[in-house]
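Chain naming follows the written order as A, B, C, D, E, F, G, H, I, J, K and L, and within any one chain the residues start at number 1.
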Amino acid sequence: MAMVTSTLPEAARKVAGDALQDTLVDLLGLSLIGKQAHWAIVGPRFRSIHLQLDEVVTLARTHADTVAERCAAIGVAPDGRPETIAGAFALPGPEAGWLRDTRVVQLVVDALGSAVTRLRERVAATAEPDPVTQDLLITITSDLEKQRWMFDAENWPSDG
Amino acid sequence: MAMVTSTLPEAARKVAGDALQDTLVDLLGLSLIGKQAHWAIVGPRFRSIHLQLDEVVTLARTHADTVAERCAAIGVAPDGRPETIAGAFALPGPEAGWLRDTRVVQLVVDALGSAVTRLRERVAATAEPDPVTQDLLITITSDLEKQRWMFDAENWPSDG
Amino acid sequence: MAMVTSTLPEAARKVAGDALQDTLVDLLGLSLIGKQAHWAIVGPRFRSIHLQLDEVVTLARTHADTVAERCAAIGVAPDGRPETIAGAFALPGPEAGWLRDTRVVQLVVDALGSAVTRLRERVAATAEPDPVTQDLLITITSDLEKQRWMFDAENWPSDG
Amino acid sequence: MAMVTSTLPEAARKVAGDALQDTLVDLLGLSLIGKQAHWAIVGPRFRSIHLQLDEVVTLARTHADTVAERCAAIGVAPDGRPETIAGAFALPGPEAGWLRDTRVVQLVVDALGSAVTRLRERVAATAEPDPVTQDLLITITSDLEKQRWMFDAENWPSDG
Amino acid sequence: MAMVTSTLPEAARKVAGDALQDTLVDLLGLSLIGKQAHWAIVGPRFRSIHLQLDEVVTLARTHADTVAERCAAIGVAPDGRPETIAGAFALPGPEAGWLRDTRVVQLVVDALGSAVTRLRERVAATAEPDPVTQDLLITITSDLEKQRWMFDAENWPSDG
Amino acid sequence: MAMVTSTLPEAARKVAGDALQDTLVDLLGLSLIGKQAHWAIVGPRFRSIHLQLDEVVTLARTHADTVAERCAAIGVAPDGRPETIAGAFALPGPEAGWLRDTRVVQLVVDALGSAVTRLRERVAATAEPDPVTQDLLITITSDLEKQRWMFDAENWPSDG
Amino acid sequence: MAMVTSTLPEAARKVAGDALQDTLVDLLGLSLIGKQAHWAIVGPRFRSIHLQLDEVVTLARTHADTVAERCAAIGVAPDGRPETIAGAFALPGPEAGWLRDTRVVQLVVDALGSAVTRLRERVAATAEPDPVTQDLLITITSDLEKQRWMFDAENWPSDG
Amino acid sequence: MAMVTSTLPEAARKVAGDALQDTLVDLLGLSLIGKQAHWAIVGPRFRSIHLQLDEVVTLARTHADTVAERCAAIGVAPDGRPETIAGAFALPGPEAGWLRDTRVVQLVVDALGSAVTRLRERVAATAEPDPVTQDLLITITSDLEKQRWMFDAENWPSDG
Amino acid sequence: MAMVTSTLPEAARKVAGDALQDTLVDLLGLSLIGKQAHWAIVGPRFRSIHLQLDEVVTLARTHADTVAERCAAIGVAPDGRPETIAGAFALPGPEAGWLRDTRVVQLVVDALGSAVTRLRERVAATAEPDPVTQDLLITITSDLEKQRWMFDAENWPSDG
Amino acid sequence: MAMVTSTLPEAARKVAGDALQDTLVDLLGLSLIGKQAHWAIVGPRFRSIHLQLDEVVTLARTHADTVAERCAAIGVAPDGRPETIAGAFALPGPEAGWLRDTRVVQLVVDALGSAVTRLRERVAATAEPDPVTQDLLITITSDLEKQRWMFDAENWPSDG
Amino acid sequence: MAMVTSTLPEAARKVAGDALQDTLVDLLGLSLIGKQAHWAIVGPRFRSIHLQLDEVVTLARTHADTVAERCAAIGVAPDGRPETIAGAFALPGPEAGWLRDTRVVQLVVDALGSAVTRLRERVAATAEPDPVTQDLLITITSDLEKQRWMFDAENWPSDG
Amino acid sequence: MAMVTSTLPEAARKVAGDALQDTLVDLLGLSLIGKQAHWAIVGPRFRSIHLQLDEVVTLARTHADTVAERCAAIGVAPDGRPETIAGAFALPGPEAGWLRDTRVVQLVVDALGSAVTRLRERVAATAEPDPVTQDLLITITSDLEKQRWMFDAENWPSDG
C-alpha cells in the first residue's frame, strides 16, 4: 500500500518518528491518569486540585494532538489506540478507588518528573535529525516542567 | 478507609454504578479510537472525515466526564485508567497504520452501533433503580445515534 | 434502493418514526405562521409581540431540525417539503392581511395549545418503543407550554 | 379596516409589492427544500453538502425576513403562510425519501438557477418604480448566484 | 378572577403544582443560605469554598427560575415571597456570625443531601401525572447530587 | 472565637455595619419580590414588565453581594438568612397569586420609593464615620432611583 | 487655503455634496429628537418605545457618520455644528416636557415619513452625477422606511 | 398634566435639575463639535487625532445619556432638542470648513477646560441638596479632565 | 473541457467578466504595495501610517476575494497569479528600500486616486449588462474613495 | 520648560498631587511584592493563593495607571521609576527565597492594612481641595479593604 | 540616506536578511496561488478543498507579515512588490482557467514540498548567525509540513 | 528548609537560573520605565507613542511572568522585589518630570537595544545547559527586537 510521503530523509524520519510516537503515548497516558485523579480525589483540597488537574489534562490532550499530527506530517502513522497506550505507558499512575489529595499531588509530581526526564532525552536525540521536531518537544518540556513545579510547590507542608 | 456517601440505597447504587462504569470505558475507548482515525485517515474525503471525527471525540470526552462525575456523585469511584480501558474495551477498533477513508467510515458506524446497543440495555436496567442515571444514558444514546446516522449516510455510494 | 440502517427494531421504528414525522410538520408549520404573524401584526403592542414571536420561530426551527435528524437517525427519511406541510398541517393559523395584536395573541395561544395536546399523546405512545424519542418530545412539550403560558398571561385585560 | 400607510405612490407600491411577495415565496420555499435535502442526503459527500445546504437555508431565511419586512414597510401585507407557499412555489424541488448527493447538487443548481432568472426580471421591473426595492433584489441575486456557482463547481466530475 | 389556563387535567395539575412549589422553596432557600456561607466563611480554605458556593447559588437561582416558570406554565401561580420561604424552608441552615470552613462544608453536604431526598420523592410522584415536570425534577436532582459529591469529597481529612 | 479584624475604629464600624446590614435585607427582599412579580404577572404588558423586573432583580442581587462583602470587609458578619429577611424586611410587597400588570407597576414604584427613602438616611449617617461605605450607598441609591423613574413613567395612562 | 481634492468633476461634486450635507442635518437632528423622546416619554408603553427609540438613534448616528465621511471623501467639508443643525433642521420635532407614548409614536412616524420624502428626491438627483452617493442614500432610505413601518404598525388601536 | 414624581424635596430637586440640564447641554454640544472636528480635520496628525476625537464623542454621548436619565429620575424632564442646544451651548466651538490639526487640538483643550470649570461649580452646588447627583458630576469631571490632559500633552512642540 | 455555466447572456458575461478581472488585478496589486509600504515606512508618523496601511490591505484583500468569486459566479475563471498581477498592474507603486512617511502618504493618495478613476469607468460600463456587478463595483469605489480622503487629509502640512 | 496646565488652583494641585504620587508608589510596590509572592509561594494552599495574588496585582496595576493619569491630568508629572519606588516604598514586604503559604497570607494582610491606613489619611486630606481625587482614593480604599478581608478570613485556623 | 540600525553584526545580518527575503517571496507567492486555486477549483471535492485552501492562504499571509517585520527588525528593508514576487517566485504554480480538484491537491503538495525543502536549507544556514531568525523559520517549516501532509493524505485514492 | 526540586542537574540549574534572574530584572525594569514614559510624555506625537508604550509594557510584564515561573520551575526562587530591581537594573532610563516625545523615542530605542545585547549573550550561554530556557530567551529577544525596530523607524526625520 502507498504511504504518506516525507520531507525528511529516512534516517531522520526514523529518529523523529520514534521520539514522537513515544511522546504520544506518554501524553495520552497522562491525560487519562489526570482525568482519573480529577474524578477520584478526596480531601480538603478537593476543589483546588480537581480544577488544576483539568489544566494538566487539557495540556496533555492538546500536545498529544500536535505530536500525532507532526508524526503524520513526517510520514509516520502515529498509534494512540487503547491497547498501545496500556502496553507502552511507563509513567507511574494511580491505583483504583478514591485517592487522598496528598496522594494525588505526589503522584502528579512523580508522573510529570518522569515524563520530563524522558522528554529531555528526546530533545537531545532530535536536535540533529529534525530541529522542527526538537522545537516541539522543547515546548512540551517547558509546559510539563511548569506544571510539575506547581504541584511540587503545593506539596510542601504549611510549616516546617 | 472511608467512602463518599451515597444518596441511593445500596442495590440501586450497584446497578447504576455498573452501568456508569461500563459506559465510561466505552466512551473513553471511543475517544481514543476516534482520535486514532482522525490522525491515520487517508483518501479523498480526508478533510471532511478528519473534522467530523473530532466532533465524535469531543462528544465522547464530554460525556465521559459527565458519566464519571455522576458515578462519583452516587458514591462509586470511577475507573478510567489506561489498563482498565485496554482490558475492558469491547467495541470494534482500528488496526495500526494508515486507514483508508472508506474503512474509517465503516469502522465508526460499527463502533457507534455497538455502543448504542449496549447503552440501550443500560437504559432499560436503570429505569427503576435510578431515573437520574437513566436520563443521562438516554441523552448519550441520542447523541451517539445521531453520529452513527451521519457516518452511515456518508457510507452510501454516489449511485446505485 | 438501500436504506439508512436503524438501531431500533421495526415496530418501534414505525411508532417513533410516525411520532417524529407528525411533530416535524407541526413545528415547521408553527415556524411559518409565527413568522407570518411577526410580519403582519399591527397595534399598540406591535414591538413587544413582534419580538416574542421571533422566539417562538427560533424555538420551532431548532426543534424541527432536531426532530428531523432524530427521524433520520432511526432510519426514517423525514419529509418537510412545502406540499407536505401544506397538506398535513392541522393547527389553527392566521388569515391573510394585517393582524391586530389581540388577534395574534389569541391565535398563538390556540396554536400552541393544540400542538401541546398532540405532543402529549406522542409522549405516551413512544414511552415504551423508544425512550430516546420520548425524551426529545418531552423537551419540546416543555418549551411550547412555557411559550403558551407567556402568550396566555399576555392575554388578560389590565383590569377585570 | 385601516392600512399601514405607504411612502410610495400607489402604482409603484403595486409593482414593488408584487415583486417582493413573489420573492418571498421563492425564498421560503428554498429554505424548506434546502432543509429537506440537508436531512435526506446520503452518499460520500454527505457531510460536505449537508453543511453547505445550511448556508443556503440561512441565506434564504435571512433574505425572506428582509423581503417581508420591506413589503410591510411599503404598506403591503406579506403572505408567507404554508398554504400560500405550497400553492405558489414554482422552483424545482426534491422527491420524498433519501436523496443521493449527486442528485442533491444538481437539484440545488437547478432551483437556484431558476430563482435567479425570476429575480433578474424583478430587478428590471422595479428599477423605475422603487430603486430601494431594486437594490434589495440585486443583493439577493448576487448571493444566490454565488451559491449557484459553488454547487455548479461541485457538480463537475473529478476528471473528464 | 380569571386564571391562566392549563394544558393538564386538574388532578395532574394539583400534583405537579405541589411538587414544583415545594421545590421552589427549597431552591430559593438554598440560594440564600449558599450566599450567607459565601459571605461568612473563614479559614484556610476560604477562597476555594467561597468560589464553589457561588456555583451552588447560581445553580439554585437558575433552577428556581425554571421551576417557577414551569409552575406558571401549568396554570399554578408560584409563591417565592420572603415570608413564604421563611415559613416553609425545611433544609438545615447556618447559624448567625462567622462560619469555619469545615463547618460550611458539612452544612452544605447536609442541606444538599436533604434536598435530594425530598426531590427523589417528587420525581416518583410526578412520573404518572406529568412526565414533563418529572423530567425537570430529574435534571435538578442530578445537578444537586453532583454538587453534594464535590462538597462530600472535600469533607475528608487529608489522612486517616 | 476570633474575629475578622477591622480597619475602622469601633464606633465607625458600628454605624457603617448597621447601615450595610439594613441595606442588605432591603436588597435581598427586593430581589425576592421582584422575582415573584416576574413570575406572577398577567396582562397586556406581560412581556415588557416581565423583562424589566429581571433588571431590577439583577441589580438587587449584585448590590446585595457588594454590600455584604463590604460588611465583612469592615469586620461585621452580614446576615442574609431566610428567617432574617422575613423578620426584618419592611418594604411593601405583593400578595399571593396572579398579579395584574398595573398592580405590579404600582407595587414596584412603592417598594423602590420606600427603599430610596431609607437609603438616603443611611447616606447621611455614614458620611462622617466611613465615606467608603457612603460612596457605595450613593451608587445604590442612584440605581434604584433610576429604576423607580422607569416604572413611574410606565405608570401613566396613555391619555389624561 | 488648500482643499481636500476630489475624484469627482466640479458639477457632480456640487450636487452630491448638497445632497449629503442636507442628509447629514436630517440625520443629526433625528438622533437628537430620538434621544429627547427616549428620555421624556411616559405611559404604559414606556419601556417598549424607550428601547425602540434607541435603535432609531443608533441608526441615525451611524448613517450620519457615514454620510459626513462620504461628504469629506468627495472634497466637501461637512457641517454638523449645533448652530447649523438648529438653523437647517426641517423635520417635525417634539415640544418641551414629558411626552405621552401615543404622542411619541405619531411624532416618529411623521418625522421619518418626512425624512424619507426628502431622501427620495436626493436619490433621484444623484443617480446621474454620482452613483456611489446614490447607493448610500438608497440604503439610508431603506432603513428609515423600515423604522417608519414599525412605528406606524405600533400606531394602530387594538380594535377598530 | 401629571408629573413624574420625585424622591427629592422641591428645593433640592430644583438645584439638582438645573445642574443636570446645564450639563446635558454641554455634553450634547461637545458630542456635536467633537464629531465636527473628527470629520473636518486635516494635517499630518489626521489619523491620530481623528481617532482620539471619537473617544471624546463616545464619552460625551454616554455621559449625556446618564445625565438625562438622572434628570428624569428626580422628576425633571430633560431638554436636548436641537434648538435648545443651539441656544444654550456656551463652550468655544469650531468654525465652518476644514480644520488644521493644531487648531483642533487647541480647540478641544479650550472646550474641555471650559466644561470642567463649569462642572466644578455644579459639583460644589449639589453637595448638600443631592449627593447622588454630585457623585455623577464628579465622575464626569474626572473623565473630562483626563481627556483635557491628553490633548494638552499633545499640544506641546517637540522641542522648546 | 466543461465550463461553469452562467446566468448571464454571453455579451453581458464578457463585459462584466472583463471589469471584474481588471478590478481583481488592481486590488491584489494594491494589497501587495500596501503591505510593502507597511513594512518599509520610516519617519515620525511611522506607527500611525503603519496601522492605517493595514486597513487598506484588509480592504483590498476582502474586496479581491468578493470580486474573484463574483467573476467565477458568472462563469469566468478569475486570474490572480503572480505573473498576471506583475504583468497587468497599472497603478503607481513604491521603489525598493526604506520609504519616508511623507512619501508613503503621497504614494497611497496617487494609487487610490488612480484606482478610483478606473473603477468609475467600469461602473458606467456595467450598468446595463449586469447591475449586480455594478453594485459591487460601486461599493468598492466608495471604500477606496474614503481611504483616499483619509490619506489626502493626512497629506496637508500643519500650517500653510 | 513649559508645563501641562492645570484646572486646579496651585494649593489644591499641590495637596492632590502629593496624595496621588504617594499612592502611586504604594500601588506599584504592591504590584511588585504581590507578583513576588505569586512566584515564591509554597505549601498546600499554593494554587489558591497563587491565583488570588494575581487579582491583587491586577488591581494594583489598574489603579496605579488611573492614579498616575489623574496626577498628570491635574498638571503634576507622576514618578514611577524603579529608583523612586525602591526609595519611597514603606509597606512591609517579603524576604528573598521561597515563602510558606501561611507567611504569604499574613504578609498580604499586613501590607494591605498598612496601605489602607495611609489611604484613609489622604481621603481626608483631599476632600476639600479636590473631591475628584478624593473620589478616586475612596474607590481604591474600598477595593484594598475587600482584598484585605479575603486574606484575613483565609488567615483563620480551621478550628479554634 | 540613513538606515534602520541593526542589533546583528554585518555578516550575520546579511545571511539572515537573505534567508528572510527569500522566504518572504515564497510565502507571498504561496498566498497568491492558494487564492487562485481557491477561486478556480471545480469537482466533487470543491467545498472541502476550497475551504482548506483558505487555511493555507491565511497561514502564508500571517507568516509573510512576521518574516517581513523580522527582516526590518534586523535592519534590512524587505521587498514584497508585485514585480519582485513575479521575478523571484520559484515554486510550481497553477495554469490559467478552471482547475480540477485532483489537480489542485497535487499542485499544493508539490508547492508546499518545494517550499519546505528550501526552508530547511535556510534553517541550517541561520543556526549560527542568528538563532532568533532560525527559530522563526523552524515554526514556518512546521506549519507548512503539516499542511503538506493534509493535502498528501487527501491525495490517496479511496481504494487501492 | 526544603526546596522546590529541579529536573536539571545542578550546574545547568545554576547557569539557567542566573540567566533567568537577570532577564527578570531587565523586564520588570522595562515595564516600569515604559509606564513612566507612557505617563510623562508630551508633544505632538503624544497619543501615538503613549499607546505604543503600553504594548511594550504588556510585552515586558507577560515575559517577566513567564521568565519568573520558568525560574521557579527549575528550582530557583526568582527575585522581583522593588529593592532588587532598583539595585540591579542596568538599562538606560528616563529622568524625572515631563518627557518630550522625541526624547522618549530615543530612550526606548536605547533601552531595548541594550536589553537585546544582554539577552543575546544569555541565549548563547544557555544553549548547552538548558535548551528549554534558551528557547524562551530567543522568543523574548525576537519580540524586543521587533519593538526596537518600530521605535527606531519612528526616530527618522520626515525628510533628509
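Assume contacts are C-beta pairs under 8 Å (C-beta built on N, C-alpha and C of every residue); 3 or more make two chains touch, one makes a residue touch a chain.
Chain by chain, the UniProt names read as follows: A, B, C, D, E, F, G, H, I, J, K, L = DNA starvation/stationary phase protection protein.
Here the structure is a predicted model, which means the values were calculated and not measured.
The fewest steps needed to get from chain C to chain L, moving only between touching chains, is 3. Interface repeat of C-F: among C-D, F-H or F-G, the matching pair is F-G, sharing over half of the residue-numbered contact pairs.
Averaging C-alpha coordinates per chain places the centre of chain K 31 Å away from that of chain L. One inter-chain figure worth recording: chain D and chain K are separated by 41 Å, centre to centre, where each centre is the mean of the chain's CA atoms.
Annotation: 53 Å between the Cα-based centres of chain I and chain J. Note: centroid distance chain B to chain L, computed from Cα atoms, is 50 Å. The multi-chain contact residues of chain F, meaning those touching 2 or more other chains, are 1, 4, 42, 45, 48, 69, 72, 135, 153, 156.
In summary, the structure contains touching chain pairs A-B, A-E, A-J, A-K, A-L, B-C, B-D, B-E, B-K, C-D, C-E, C-F, C-G, D-G, D-I, D-K, E-F, E-J, F-G, F-H, F-J, G-H, G-I, H-I, H-J, H-L, I-K, I-L, J-L, K-L.
Residues 45, 48-49, 51-52, 150, 153-154, 156-159 of chain C are the ones that touch chain F when the two sit in their complex. Within the complex formed with chain G, the residues of chain H that make contact are 1, 3-4, 28-29, 32-33, 35-36, 39-40, 42, 64-65, 68-69, 71-72, 77-87, 89, 93-94, 96-98. On the chain K side of its complex with chain D, the touching residues are 41-48, 50, 100-102.
Across the interface of their complex, chain F is touched by residues 113, 116-117, 120, 123, 127, 135, 138-139, 141-142, 145-146, 148-149, 152-153, 156, 160 of chain J. Considering their complex, residues 1-2, 4-5, 7, 69-70, 72-75, 131-132, 135-136 of chain G touch chain I.
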